[in-house]
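Input: structures, listed below.
Below are two complexes that have chain A in common, paired first with chain B and then with chain C.
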Partner chain A sequence: MNLQGLLKRSAPTLVWLIGLLIIWQISSWFLLNVLQVPLAQSKLPYIHELVFTFTEYSGTLLYQASITMKSAIIGFAVGTFVGILLAIFMSSSKWIEQLAFPYLVASQMIPILGLAPIVYGIVRDDGVSRIIIAAFMTFFPVVLNTLRGLRSAEPSAVELMHSYAAKPWAVYWKLRFPQSLPSLFTGLKIAAPLSVTGAILVELMGATEGIGVIMLRNLYYGSSHAYMFWLTVIVGALLGFLSYLVISLVERLVTPWQPEFRKSGGDE
Partner chain B sequence: MRGKTVEDNWLSQSRSQENPALKSAILKQRQKLSKLGKVSSKILIPLFAGVLFFILWEVQFFHTIFGLKTYQLPLPSVIMEAIRENLNTLVNFMGYTFLEAFLGMLLGSALGYLIALIGSAYPKWGKGGLTIVVAFNAVPIVALGPIMNLWFGNGISSRVAIITVITMATMAVNAHKGMSNVNPLSLDLLHSYAANKVQVFRYLRIANSLPYVFTALKINATASMIGAIVGEFFYASKGLGYLLSNSIKVAQMPLGWACIVIASVVGIVFYLIVEVLEKVFMKWHQSERT
Partner chain C sequence: MTLVKTKMPEIEIDHVSMYYQTGSSEVLALKDVTVDIKKGEFVSLLGPSGCGKTTLLRIMADLIQPTSGMIRIAGTTAKEARLAQKYGIVFQNPVLYDWRKVKKNITLPLEMMKVSKAEQEKRADRLLELVGLTKFKDKYPWQLSGGMQQRVAIARALAMEPEILLMDEPFSALDEFSRERLNEELLSIWSEVKNTVVFVTHSIPEAIFLSDRVFVLSPHPGRLSKVVEIPLPRPRTAEMRESPEFYQLITEIRNSFEGV
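Here is the complex of A and B:
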């Protein structure tokens, strides 16, 4: 993984990104000066103005973002931990699996994020409900994916372990758990942005601190705060993307043997 | 393909058929046996647990454990009562919310598929574009809400736009995987027939992308409902999400729960419809053959 190769591979992405930003800037100018739509800067602000505003208020923004991120991370950690635990229980006991599996599948079909106001209504504490929602959003993808991973151990490998008279925990530690890592990470990659979404959503419903709170506040202040509002949105989006990137990076470090990380292989 | 089908097909493990590589003949055999023999335990145990759960809820077992009052967590019977009382409103709003979800998902999935087509037709630049689209996938829905509201106003179109953005990303990623994850032998065969790019797409890549497309559609069915409800939380004057957040604000918890129940039912039905469609359109695929 040399630097030049990395640059070469990411060049199209960079070009796309720059192209998008240029289009953004031009459309912003177009909206403001040619079409003269009302609230043009609220609809699509100039990028350079955003950068100015960011340098001015970066302290506040980063502080609030860190609060949001903190509750998202705590929730994510709790959800992941409980999720993995349940997946291990389910894979070790047919009984628990049969009991819980249909509900897990059904949970994928219902809009869980809709529960956010209800949880907030029950707990009435924004710190706790942020964490609960983030954990809740993390929990389901993690259980389902980990369970699939734990089950995906090859039967012949399991038989080999049995023929060595391996203890159940050894089978788990040496075979099933490593085998489940790729799909665990798939689940985590889905869950990480979701946990950020959950945390922001609760903040929008009425918290005192966090990126969602200043997002809402600046939206209500109207067009004079358009830049600040856009910055909060961008920061929120970046938090989601950042969480995804971090998990992808960890995945690459923990499971470098996956085919898609090898030099040749993957889906090309 | 072994071990790495669609990255995002986390929805499909309910149907183990979709992971063709992971199951061997042994597993299939076992499945058949369990289908015949354990069907009762497969249905009865969860059903029993569900009923037990509701009974415990009804007799306020959870309330005593967590120290909750009934106005915080309403009893199932009260929720049912709320559904019956407000049935007209709920059904009306349900239609509205579902319409948003459906339109957004249709638009987003179509756009996503188009992006995937372009992305795999011109791999070098397409992949970079796809990375940008994936970035959209990680953007929190709640951050999109206010912007779409500014662009499209309070009406139905702002929610449709939110859902379009979310569903587009999932579809683009999955369809692209389907189009590039083709069997190399089939590709060689087509090359040996001197098939051109269009023909490769027509006969191989598009057909190969179908299972992935349906996986994406199933994820999108759920995601679009979530998008519609969350989008309605803040700026709507109609819809299940609006009613939900409003009833919580005025402390009418039973009505809020009623919204969740209805939304869940819609979500499940929407999902099942997509699944039936999948069964119809993928009769030829090995995962559907028995």
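Here is the complex of A and C:
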């Protein structure tokens, strides 16, 4: 893609972003000077103050973010692996699916806020419990979407395999699994930001390092640390967004044949 | 019912009947079909919807099992023939795998067999040339037209060098022009591979143009009502479609549907 095309495509997004920032800045000024609400900067801080604080503490923020990201990535990987295995297992028979499905759904009914201290109480290690919670939040959308994908092969495509006297593993490897990739990636795109949320959540419960830890600390310190608190929130959101972008990029590389990628991918 | 007895039948269809269970009632899709297909013969199963032609083809392919009767393919059961990969099949839709490029779609059946990579390459290249798609081997299926996709499907069905080629209305989704051109191409491909072809269609001219014999099936219940020999010489040419013999055959077959 050439630079001009990229500019043209991203122009609406850019205009929208700049507009949003201007509204933010004006609102912040309005809260502080016109309405004179108490703790106005905690409610909506000036962007330039945030930028200033960021330049000062960027080292700390990036380091803590990397800690959070590390447990999110490991949790995501574990959750994805478990999720795919479960989906393959469930797709092998309707019976297993019916048996396992209610428990899967029930598992998602457990409030994460309640689960996190329980997990922490059991493993007694905030690094491990972060990974477990991140994995726990990741695996459900992965199972659901992968299962749907594995079942999405057309009957005639399956019959074709049947006509080749293909072994069950060959039907999976050559048909069902590639066919499920678009659905799998849909699940992963939901799961990736969730794994970041999960990792931050456990950090809020008590940990020594991570973006969630400084988020909580700066919340306690009160208004004087409002900018830093806001920055941790923004960094957390960016981590989630970044994880989504990475998965989208991988999806494009792995499955360029998907209908939604065809227009820009084809050379005709 | 016409019984054709030959010395070396490739496919023996022996008193095949098929019932479908729909709710509480049973539908008779095929009633007692008995006929032989010779080795190297091009046969069409022709009839309107509901005559059981596709059902019969799917029974030959061992994709479904008949309620009674049986199929023997070169002396073995349909299942044994399928497990031995004796036939290649082409469906109404190309059923190409979107994530595989054209050439990889053609080698798909070979990957299930113990065929070396080098041999796979060799056969795919030859087949690509046979169906005239060498230039498109590195395209994805969805980058091709419908007719080209169906040619890929034919190449794929021929990849394992099957003794039998089963085709289930392969050109019915195409426009009339592509269909006639592909009919001619199919015959020129067939003249090189010379295997047994069973071709399902609901088009009378298509069946006549392609076949040595046309098996006319009638609906409700599906049964073999007539076997028509097509005496047109080979190689068949587009001009034959305009010949009086061709029209006479159309009339003959059309008349056999009357009173059904």
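As a working rule, the second predicted complex is superposed on the first by the 248 of 268 C-alpha atoms of A that agree within 3 Å, B and C clash if a C-alpha of one lies under 4 Å from a C-alpha of the other, contacts with A are read in each partner's own complex, and residues count from 1 in each chain.
Note that a residue touches a chain if its C-beta (ideal position, glycine included) is under 8 Å from a C-beta of that chain, and two chains touch if they have at least 3 such contacts.
If you're wondering where the values come from, they're calculated on a predicted model, not measured in any experiment.
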TODO: Check the residue A:F241 against both partner chains and state whether it touches chain B (first), chain C (second), both, or neither.
DONE: first
Open item on the list: Tell me the contact category for A:G210 with respect to chain B and chain C: first, second, both or neither.
Closed with: neither
- [ ] Check whether A:L175 is in contact with chain B, with chain C, with both or with neither, and answer first, second, both or neither.
- [x] second
Open item on the list: In this superposition, which partner touches a larger number of chain A residues, chain B or chain C?
Closed with: B
Open item on the list: For A:Y164 in the superposed arrangement: first (chain B), second (chain C), both or neither?
Closed with: second
TODO: Pick out the shared contact residues on chain A: the ones touching chain B in one complex and chain C in the other.
DONE: 259, 268
Task: chain C-facing residues of chain A, complex - done: 154, 156-157, 159-160, 162-167, 170, 174-175, 178-179, 181, 255, 257, 259, 262, 266, 268
Task: Interface residues, chain C side, partner chain A - complex - done: 61, 63, 82-85, 87-89, 91, 93, 95, 97-99, 108-109, 111-112, 140, 142-143, 160
- [ ] Provide the residue numbers of chain A that touch chain B in the complex, in ascending order.
- [x] 10-17, 20, 39, 42-43, 95, 98-103, 105-106, 108-115, 117-118, 120-122, 141, 144-145, 147-148, 152, 155, 182-183, 186-187, 189-190, 192-193, 196-197, 200-201, 204-205, 212, 215, 219, 229-230, 233, 236-237, 239-241, 243-244, 258-260, 267-268
Task: Interfacial residue positions of chain B with respect to chain A in the complex - done: 3-4, 7-8, 10-11, 13-14, 19, 22, 24, 26-27, 41-42, 45-46, 49-50, 68, 72-73, 124-125, 127-129, 131-132, 135, 137-143, 146-147, 150-151, 177, 180-181, 221-222, 225-226, 229-230, 233-234, 240-241, 244-245, 248, 251, 253, 256-257, 259-260, 263-264, 267-268, 270-272
